[in-house]
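What follows are several structures.
Note that subunit A is present in both complexes that follow, paired respectively with subunit B and with subunit C.
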Partner chain A sequence: MGRVAGKKLLSIMALVAMVGLLLLPIAVSLPSLAIGADAPDAVKQEGEQKYEKGRDVYYKTEGLAIGAPAPKTVDGPKDYPRYNFESRVLLWFANQQHLYYGSFVLAVPIFCMVIEFMGVVTKDKAMAKRYDQLAYDFIKISLTAYSLTAILGGILIFTFLTLYPAFFGYLSSIFRPVMHIYALMFVAESGTLYIYYYGWDKMRDGFLKWIHLSMSVILNVIGTLLMFLANSWIGFMMSPAGVDEQGRFLGNIWHVIHTALWNPLNVHRILGNMAFGGGVVAAYAAYKFLASKTDEDRAHYDWMGYIAMALGVAFLIPLPFAGYWLMREVYAYRQQMGITLMGGLLAWLFIIQATMIGILFLSTNYYLWQALGRMRGAEKYQRYIKYLVFILCCGYLVFITPHTIVMTPAELKAMGGQQHPVLGNYGVMSAKNGGINVIITTTILSFVWYMRGNKVSTVSWSKFGNIFMGVFFACAYVNIIWLAIYGYYIPANVRVGLSVPQVATTLSCLFFMFPLNSAMMKGAKQMGAIEWGKISVRSQYALIMLATAFTWMMGLMGYIRSSVRLFWHVNEIMRDNSPWAYTHTVGFAANMISFNVLFFWVSILFVFWLGSLGMKKAPVPAKAGVPGGAPQPAAGH
Partner chain B sequence: MGSTIVYGAISLVICVAYFLAVDHFLMDSQGLDFWYLFRK
Partner chain C sequence: MKAIMSLGALIGVAGLLLLSGMIVGIVPSDTVRLIEGYMPVQVIAELILFVAGFTGISYMMSAMGMTFPRFWQGISCWAFVLLYLKFRVYPPIPFSVRAMYGTVSLVAVFMWVSANEEDWQKFKQPIMNVLDAKTGGNRLLRYAYLIILPILIGGFSYNAMVPKSEEPIELRTVHPAPPASTKVHGKTYTLQTSQNPYRVNPEGKYDQEYSNANIVEQGMGRLMKPNANPWDKDAQGYLKYVREGGEIFYQNCHFCHGDNLNGRGLHAFAFNPIPANFTDPGTIAQLQETFIFWRVSKGGIGLPNEGFPWASVMPPWEQHLTVDEIWKVVMFEYWHTGYYPRTWD
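Right after this comes the complex of A and B.
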């Protein structure tokens, strides 16, 4: 009894310590936050004598220019020391790898939290154990990756310091308190993660389990704040605020953090990271599935892959809308920047991005259709899949059609202009919004089919429910396509607003049809249990495809976002005078992204291998796993 | 068969009304006129 009370006390103390660690950076930074608008009068008066006044380039407020102006760099060893190699490429590589691992270790603990919570609240003890084991498997994967993230972060800082000292010096002079908070938060994150991981077994039951779960919440709050702080740096580089036109810091650190693009970047990145993390774990599960020797292992990894994929796709679905918001804010901040992105220099990269998004959704749908095969009773949907394929292909082809094509003069003459007389019509946003919304709605429909695959509703209103659901989806498709067509007949300033009801239509399917389906399936008759592990091998390759496409797209979008600054380190404040202040060709960028993707996957395979070294194999039962039975965990801890 | 038609009709009325309301009010909230083409 005394031992249990001691454990409780210890765990509560650990939790309090984590909350303290979480708050520590804020407490430490308070004095530095006081400089500026809220500083005492004496300090202000002294400052006014010493410093000039400056006007915020974004907020248009006045403040004391307490910082140094942005350095005017010149091409040479002082501002741009280098090897006999393009420094930007080295930085690109270090940055991208750090970002991949950072995204992964941010996303996986969020999954752990969700899955552990599901395990705690579920009443079925066998299921609770499976969820707990799955959450543990997830965090174990991320632990090794966490060390690698820190190492890559170090490499990135050294790369900045040694190759771009003037730029990094300026950035760190502006973000001095933020960078220190970041470092302290990192310490808090590490401490919390290790207690969370190593305390798993000791805190597996009752009250202690809730404490453990609370730790995962704190871990994720710290992780998310870390990401928000890092986002403030890139937000500042794209859309600076809190400085005057010479780049002098005006004393309000919140203005520097809270730039025009900070919030859209935060939302877009957190959703992207979650989708990416889900994809990587799903690929891990797929790899383990393919390498499995027993039915139990196959069942476990099939289930793991499905959960990871479902979580990833849950965040993939709203991702295009967050991206749309980001682009809208970019246009609102600087119209020219938006045009460079989507209608100018970088427009072709968006066509590649559309192709990748389409591949993501096609892979997801393909996996779900394959997954129907592990359910008895789901055959009834098989004959309708071809119609979904048709709808998806139409949406996809419209989505990837470019507005204009690069052509020879002879081809141009033959076609009668840069725009194809028929296909050119699909190259505008009106059509593309329709295309992507059709694709996402179809993915939602595939999920609904999957959720009811082996079930027959027994509620008294099931007939009406089924008809209503069918009509709702049909009307949603009609509304999306109608709005896309309607956009051609109204002026651009009205047309631009149509994307909002289009998105709302898609989200209506998600938020109304999922609960309706769940209500209909309450107490439903099961045609047969889900036979985990009884799924085609092709489905697992679809999961690997999904993860690879995520990785490639992340690299691509990071490049696009960074390239839009063109020849600026900090947009319109600090010019990039290095010899590499130009935009690479699409081919070079694609090769570079592919190299980054390849390196990440090779290195993460190494991480997976390291993780497997610590695994204790669970005893394999003499009898083969019963299809549909609860699979045993593949590894113990 | 009869109930199917009735259910289908009720569903259609609800869904069409819902999506038209979504189109109208979300355009209106942006200060735009959804019925622009029909008013011209």
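Right after this comes the complex of A and C.
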């Protein structure tokens, strides 16, 4: 008894220590934040004598220009020292690899939190154990990746210091008040992660398990704050605030952090990281599935891949909407930036992005259709898959139609102008919004089919429920397509607003149809068990494709976001005067992204291998999937 | 059910016959016209009809005991999409887009034929048969493939690598990002906030809703709204300015941009690309009025760096027109096409 109480005390102390670690950076930063708008009067008066006044380029407020102006760099060894290689490409590589690993190690703890929580609340003891083991395996992988992230972060800083000293010096002078907070957050993150990982076995049951789960929440809060801080740097580079026209810091660090694009970037990155993390873990499971020698292993990794895919896709579905918000804010911040991105110089990269998004959804749907094959009784849905393929294909073709078409001058002449009377209509936002919403709604429909694959509803209102669901989806498609067409007949500002009912239609399918389906399937008659491991190998390649597409798209979007600044280090504040202040060709960028993706996958395979050296095998129930004791792969299923 | 499927089959057969006729040139390509303005929806509707037709044909053939093998279903479906894009849609779709569509269709066909294990087995059976070569015919086919495939691949490779005298592919930036502000006749205009001074209501105040209510109806024929005729001698305010803009347009712009503003003017085909088609939803309908003001004022020579390959011969109209005339002509373009300029509120 005394021992248990001691453990509890120790756990609570650990939790308190974590909260303390979380608060430490804030406490440390308090004196440095005092400079600025909220500084004591004495300090202000002294400052007014010493410094000129400046006007914030974004917030339009006045403040004391306490920082140095942005350096006017010149091409030479002082501002741009270099190896005998393009410095920008080196930085690109270091940055991208750090971002991949950073995203992974931020996403996996969120996964662990969700999976551990599912384990805690699941009543089935065997399932609870499996969830717990899965979460533990994930965090173990993440631990190795964590040290690699830190190493890559170091390499990135050295690359900045060595190749772009003037720019990095300026950026760190602006962010000086929070630079050390960032570093201390890393300490807090590491400390929390280690306590969370090493305390796993000691806090396995009862109240201690809840304490352990709480630790994962704190770990994720720290991780998210870390990411927000890092986002503030890129937000500042794209849409600077808190400085005057010369780039002088005006003393309000909150303005510097809270730039026009900070919040949309934060939301987009959280969702993106989660979807990416899901993809990577799903690919890991797929690889292990393909390499498995026993049915038991295949069942385990099939299940693992499904969970990772479901979590990843759960965050993928809202991702286009977050991206839409980000682009809207970009347009609102600077019209030129928006046009450069979506209608001008970088427009073709967005077509590639649309292609990748389509691949993600196509892969997900394909996986789900394959997964129907491991359920007895799901045959009734399989015969209709061809119609879903057609709908998906139409939505996808519209979604990827370019506005700026690549063509020879002869083709241009034959077409009779830059705009094609058919393709031109598909190449604009109204049609594309319709396209992506059709794709997402179809994905939701595939999920609904999967969730009811081997079941027959026994509720008295099942016939009405089925008709209602059918009509709901049909109306959703009609509404989305009608709004896409209607968008051509109304002013652009109203058209932009039409995306709201389109998205609402798609989301209402998600939020109404899933619960309705779950209600209908409560106590449903099972036509057969889910036979984990009896899924086609094609499905696993779909998971690998999903992960590769995620990785490639992350690289692409990072490149687009960065290159939209064109020849600016900090948009309209600090000019890039290096010889590489030009936009790469689409071909070069694509090759570079592919190289980054390849490097990441080779290195993460190494991480997986390291993780597998000491991996404990998950105890799988001998008859997983039998009716009554069937493993429930995801919430609501 | 059978009746519906029979109807589907009938539609499918009729559609296939029409398309085949168009491909071989027996049936004129405009037998079933793609109507301008409705083309995009028409194309999708036609594809839906074809899918319904294929389903019907497949069902009827099964009912008659002549099941069409899944392998050939997949191949035919893909071939149909390629032929439809090449021969049905006009003006011709550039190869880059057809390649994209063709690849997506191929992926879609693969997803369909491999969606479940039974279908996948059926689909790959003929391929496996040839590879296994258990019969004389299959053995012959295997040898034929052994010879033909390398020749084909070699031919494609040679064709791809052989130097050609064709003009290179250009990735034209149609709407380059505008500057934050532009200086015309000594005055600086901020593009994000400037407004057309002639887009006014009867009280003389800037009013986009009022002007939107008086533009030409979109659709076939593009009809003027009743009581909103700029050529009415009593027309005042906004409508009068539209008329003045129209006069400037027909004195200066219509030679290239056409009297219907569709980019097909008298001199249009002397240029490549031909002038912008304002009736297309991808041109002025996508842009702020100030963007057009900037482009008209500065012309092709004023295109920014990213406006590659700067293929525009439009003169910088600030050298020929006053600021007021430019604003009026821009307003006329929106009035005539029935589009609304983009706004941010």
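Assume the second predicted complex is superposed on the first by the 615 of 637 C-alpha atoms of A that agree within 3 Å, B and C clash if a C-alpha of one lies under 4 Å from a C-alpha of the other, contacts with A are read in each partner's own complex, and residues count from 1 in each chain.
As a working rule, contacts are C-beta pairs under 8 Å (C-beta built on N, C-alpha and C of every residue); 3 or more make two chains touch, one makes a residue touch a chain.
Every value quoted in this text rests on a predicted model; they were computed, and no experiment measured them.
K.L.:
Check whether A:Thr505 is in contact with subunit B, with subunit C, with both or with neither, and answer first, second, both or neither.
P.N.:
first
K.L.:
Once the structures are superposed on A, label A:Leu91 by its partner contacts, choosing first (subunit B), second (subunit C), both or neither.
P.N.:
neither
K.L.:
Which partner reaches more residues of subunit A, subunit B or subunit C?
P.N.:
Counted on subunit A, the partner with more touching residues turns out to be C.
K.L.:
Which partner does A:Tyr366 reach: the first (subunit B), the second (subunit C), both, or neither?
P.N.:
second
K.L.:
Would you sort A:Ile157 into first (subunit B), second (subunit C), both or neither based on which partner it touches?
P.N.:
neither
K.L.:
In the overlay, answer first, second, both or neither for which of subunit B and subunit C A:Ile490 touches.
P.N.:
Both partners, subunit B and subunit C.
K.L.:
For subunit A, which residues belong to both interfaces, subunit B and subunit C?
P.N.:
Subunit A residues touching both partners: 489-491, 493.
K.L.:
Spell out the part of subunit C that touches subunit A in their complex, as residue ranges.
P.N.:
Subunit C reaches subunit A through residues 34, 36, 39-41, 43-44, 47, 51, 89, 91-97, 100-101, 104-105, 107-108, 111-112, 114-117, 120, 166-180, 191-192, 208, 212, 218, 263-264, 272-277, 280-283, 285-286, 288, 306, 308, 340-345.
K.L.:
With touch defined as at the start, can you tell me which subunit A residues reach subunit B in the complex?
P.N.:
463-464, 467-468, 470-472, 474-476, 478-479, 483, 486, 489-491, 493-494, 497-498, 500-501, 504-505, 508
K.L.:
Which stretch or stretches of subunit B touch subunit A in the complex?
P.N.:
Residues of subunit B touching subunit A: 3-4, 7-8, 10-12, 14-16, 18-19, 22-23, 26-27, 29-30, 32-34, 36-37.
K.L.:
In the complex of these two chains, what residues of subunit A are touching subunit C?
P.N.:
Result: residues 331-332, 334-337, 339-340, 343-345, 347-348, 355, 358, 362, 365-366, 369-370, 372-373, 379, 382, 385-387, 389-390, 392-394, 396-397, 400-428, 430-431, 485, 488-493, 536, 538, 566, 583, 586 of subunit A touch subunit C.
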